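Below: a set of structures, written as structure tokens.
Consider the two complexes below, in which chain A is the common component and chain B and chain C are the respective partners.
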Partner chain A sequence: MKQEQRRDLSAILLVLTVLLVLPLLITQSHYLISVLMNCAGVAVIASGVWLTFCIGRINICQAGFALIGGYVSAILIAKAGLSFWLALPLSCLAAALCGAIIGSAILKLKGIYFSMLTICLTEAIRLAFLNGGALTQGAKGITGLPQAFSGDSPLPLYYLGIALLALALGVVWRVHYSRLGGIFRAMRLNEDLAESFGVNVWRYRIMAFAIACGLGGLGGSYFTLFTQSVYPQSFTVEHSIYYMLFCFLGGLEYVSGAMIGAFSLTILFELLQDFQQYQSLIYGVLMIIVMLTLPNGLMALRALSWSLPLRKGAVK
Partner chain B sequence: MLQILINGLILGAAYALIALGLTMVFSIMRVVNFAHGQMYMLGGFVMYYLYGQFSFPFWLALLLAGLTLGLIGMAFNRWLFQPVLASSKREESSMLMAVGTALLLENVALSVFGEKQRGVPPLIDGVLILNDGDAYLPYSNLLVALLSIAFIVALLLFVQFTKPGRALRAVAQDKEAALLQGVNVKFITTLGFAIGAGLAGIAGALLVTLYGVNTGVGTNISTKAFIMIMIGGAGVTSGAIVGGFVLGMAEAVGYDLLPSSMTYLLIFVAMIVFLIFKPNGLFGKPWG
Partner chain C sequence: MMNTAQPNTIILEASGLSKRFGGLLANDGISLSLGSTSGKVTSVIGPNGAGKSTFFKMLAGFCAPSAGRVRLFGEDITGLAPHKISARGLVRTFQETTIFPELSALEHVALARQLSRRASDLQVFGGTAAARRDEERMRADALEILRFLDLDGVADSIAKTLPHGYLRLLGIAMGMAASPKVLLLDEPYAGLNPDETDRAVELTRKIAASGVSILLVEHDMKAVMKISDHIHVLYFGKKIAEGTPEQIRNNEQVIEAYLGKEDEDLGL
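Entry: the complex of A and B
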């Protein structure tokens, strides 16, 4: 196992272990639990964005697919009366399927064209749900969904979130550190060259995009479960941008990057409650500072090299 | 029918001005200025305060709006974009930087100006009635459209016939070759960014007289500008103008028949289908 990979793994295991043990220590605090659930959901969605960065596409439509996941599970639960154990995987599949269909059309666009189009796509998906008639109930959204787990304790839902996070990280890990990950890297660096070496670029990028959208749908569906509602405004362009920021802050070379970014920023803002109204402003400033000073993300910082003393000059 | 045509043309002229600024920055720096809509919004606010509140003459306020945004653009380019473009290996970096500036501008504006919708009194009163009441054309709309066209023409002439204009085109075509020919690329890039930002400010200042402005309008305008330059082809001047008129017309027709959110849904779908067949837009060159 390479050094970066080891660091990546230790970061993931550390965070997951802390998340598993923490509720035993803070059983009383529903508030803290809900913050962590929020983090876990966001991290699942952001890990999808991270995966599209891997194939060299800047994905600003992740919020749209989270919205698809949220609405599909809400409709399945409220209208079709399914249990959420079925609705959750089905919404993930639905989002992945939408991703594959839309992706097969738009993935041949590159660079800035792709990102401009995905911004428009987020808007289009939101407008589609806004105009969905009786099925999606317009701007009112679908509310009053039944509780996922009976009883007062938030813990079952919390552990579901951790399980989904572990699943998402597992999937991304499996993809990134395998032959598939190598292919994705090759496609990011030079798509034409990869194709000339016999890589079926078209198939692989749709695969990556579908997995990413599926993760978005899964996270969106989880949010629907724990807020028991979904609106067209639940996920907007702004959220898509935040997911990108999480990935960049955490680091694009590490599977744990999306999770690290999501947890550190979300928790930071819970600590700075007084500044909540300036959240977007601070995100904007932070984004600029990160781009200027931390081009490789938090995970690449020397100060974090607890797993192994780094070789001289290994970073930077 | 005539009314729709007129609405479309008026809207198209203003949209073309917006798209032109975005495409200008893109052609020179290969950066999509995500803050374009926010710059438009700031231009609107400059006009609101100078012309609406402090009763400056309209022309002066218009020029000052363009100038202010030009200066902001210059500062952004010098201190934010140039360092990132110089140091980063991934093209994502400059884009995220642009998104960051958009968030920053929007939220600074929100804290300073608040959420309220602002407007200024119309420039001139009166309505032109065409074809015995078939269509109405308020003079103020006509004036805004004519001014937009005047600015577009002025920019085209500047780019075509002056020395800095030629240098702009040279840098857009090939940075290294321009450098070898003795073009001060750094200065020209800054100039290009300033012109792009200034055009956004002027467009905002013009349109505030018709539609008013609020701090949340930026993302909307940016999205529209993206649609326009994707239709026409990013980085191509003629593409931006055509894209502007196409979108203006589509909107005018759509608003006449459908609710506005449905119109935009259809525009998005149409654009995605269009891009499947012409991924570089109408006039765009393929690039990586």
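Entry: the complex of A and C
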């Protein structure tokens, strides 16, 4: 395993371990648990955005797919009476399928054109749900969903979030560090080059985008479970932009980047709650600073250049 | 790398290829044939703006011709996607700008060995035994290709540490990784010093000798004259001559349109 890969894995394992142990140490604070649940959820969604960076596309429609995941879950649970154990994977699949269909149309675009279109797409998906009639219940949204787990303890739902985060990171890890990741990298560098050595670029673009959207749907579905509701305003363009910024902040070269970015920024803003109304402003300034001084994200910081003493080849 | 085609099949044939970009006719009915003997080196030359790059792109499927057909071993490949054309044995190389700075030479070639992968994407994702075997085989193949091109000495060097000449050769090695029957080389000698050019020319010969037909676009006249079996000359989108290096050197039209105007800075 290469140095970067070891560092990446170390970061993932460290965060996941802390997340697993933390509730045992702090048993009182429901507030902290809900903050961390929020972090885990957005990290799952942002890891999808991270994956689209791998193929050289800046994806600003992830909130739209999170919304699809959220609504599919809500409709399946509230209208079709499915259990959430079924609704969760189904909404992931539904989002991935939508991603594949929409992706096959828009992934021809590159650079700023793709990004602009994806911003519009977030808004289009929101409007679609807003005007979805009786099925989506307009601006009221779908509320009063049953609790996923009975009882007062938020811990089962918390650990579900950690499990989903681990799953999302596992999927992205396997894609990135296998031959597929090499193909994605080649496509990011030069799609013509990738195609010249026989890569069906069209297919892999859609594959990457569908996985990304699936992760968005999974995260959106998780949010629906723990807020027991979903509204058209649950995921908006603003969220899409945040997910992208999480990736920039964490680092685009590391699978853990999306997670690191999501946790740092989300926790930072919980600490700065008094300034909540300036969130966008602070985000904006922070991002300008990050891009100017830390173009490769937090994970590339020299100060963080440690890694667990992992056996060479222990994880491939 | 062996040419398995019928003895009398034309390896690569372009007939009447035209490309129109709005009002500009970049290629005007260009025809070219590589004949039926494999392992020959054919060059396409012409001043800047003659339409060489456009012609190359059309052959390899990177841009669709406005008119005309391309046939590879008798099969019509016009309008096929580039990756399908590569799979049929017509592979295009790129200039060195398309190198991954952090990967080693071996990893580059192994990555470009994509066409020989047998494990499905799902198997690769799951890291199954089949995928791991594939991975090992692709690395072994890559090492063999590097050895064949005398690049095995830098197999483990990280690309960003390699000198320019090596990167150019690495680009060719990546093309070879797709097991081409016809290799399109895009200005393989541009920006090389005379020593590096000699080395690259030698390598081109070696590849041709192994049975791969080579078609190259190049500005370096000395190298072109030295290596080519056959030369085609483009001028403002039209083919004005073809023949052996000797014939081209003495072709009046070429001298007038191209070589004779050396002083007038036509890109020579």
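Odds and ends about this structure:
Keep this in mind: the second predicted complex is superposed on the first by the 307 of 316 C-alpha atoms of A that agree within 3 Å, B and C clash if a C-alpha of one lies under 4 Å from a C-alpha of the other, contacts with A are read in each partner's own complex, and residues count from 1 in each chain.
By definition in this document, a residue touches a chain if its C-beta (ideal position, glycine included) is under 8 Å from a C-beta of that chain, and two chains touch if they have at least 3 such contacts.
Note that the structure is a prediction, hence the values are computed from the model and not measured.
After superposition onto chain A, partners chain B and chain C are found to sit side by side with no clash. In the superposed pair of complexes, A:Leu180 makes contact with chain C only, with no contact to chain B. Judged by the touch definition given at the top, the superposed model places A:Gly81 against neither chain B nor chain C. By the document's definition of touching, of the two partners only chain C reaches A:Met207; chain B does not.
When the two complexes are overlaid, the chain among chain B and chain C that reaches more residues of chain A is B. Applying the stated contact rule after C-alpha superposition, one finds that A:Phe197 touches chain C and leaves chain B untouched. Residue contacts after overlaying the shared chain place A:Leu189 against chain C, while chain B stays out of touching range.
When the two structures are aligned on the shared chain, A:Gly133 is found in touch with neither chain B nor chain C. In the superposition on chain A, A:Gly144 makes contact with neither chain B nor chain C. Once both complexes are placed on a shared chain A, the shortest Cα to Cα gap between chain B and chain C comes to 10 Å. Shared interface residues of chain A (contacting chain B in one complex, chain C in the other): none. For chain C in complex with chain A, the touching residues are 60, 62, 81-83, 86-87, 91-94, 98, 100, 107, 111-115, 117, 121, 124-127, 131, 134-135, 174-175, 177-178.
By the touch criterion given at the top, residues 26, 30, 32, 80, 83-84, 87-93, 95-97, 99-108, 110-111, 219, 222-223, 226-227, 229-230, 234, 259, 261-262, 264-265, 268-269, 271-273, 275-276, 279-280, 287-288 of chain B touch chain A in their complex. The part of chain A that touches chain C in the complex is made up of residues 174-175, 178-180, 182-183, 185-186, 189-190, 192-193, 195-202, 207, 316. Residues 53, 58, 102, 105-106, 108-113, 115-117, 119-121, 123-124, 127-128, 130-131, 237-238, 241, 244-245, 248, 252, 278, 280-281, 283-288, 291-292, 295 of chain A are the ones touching chain B in the complex.
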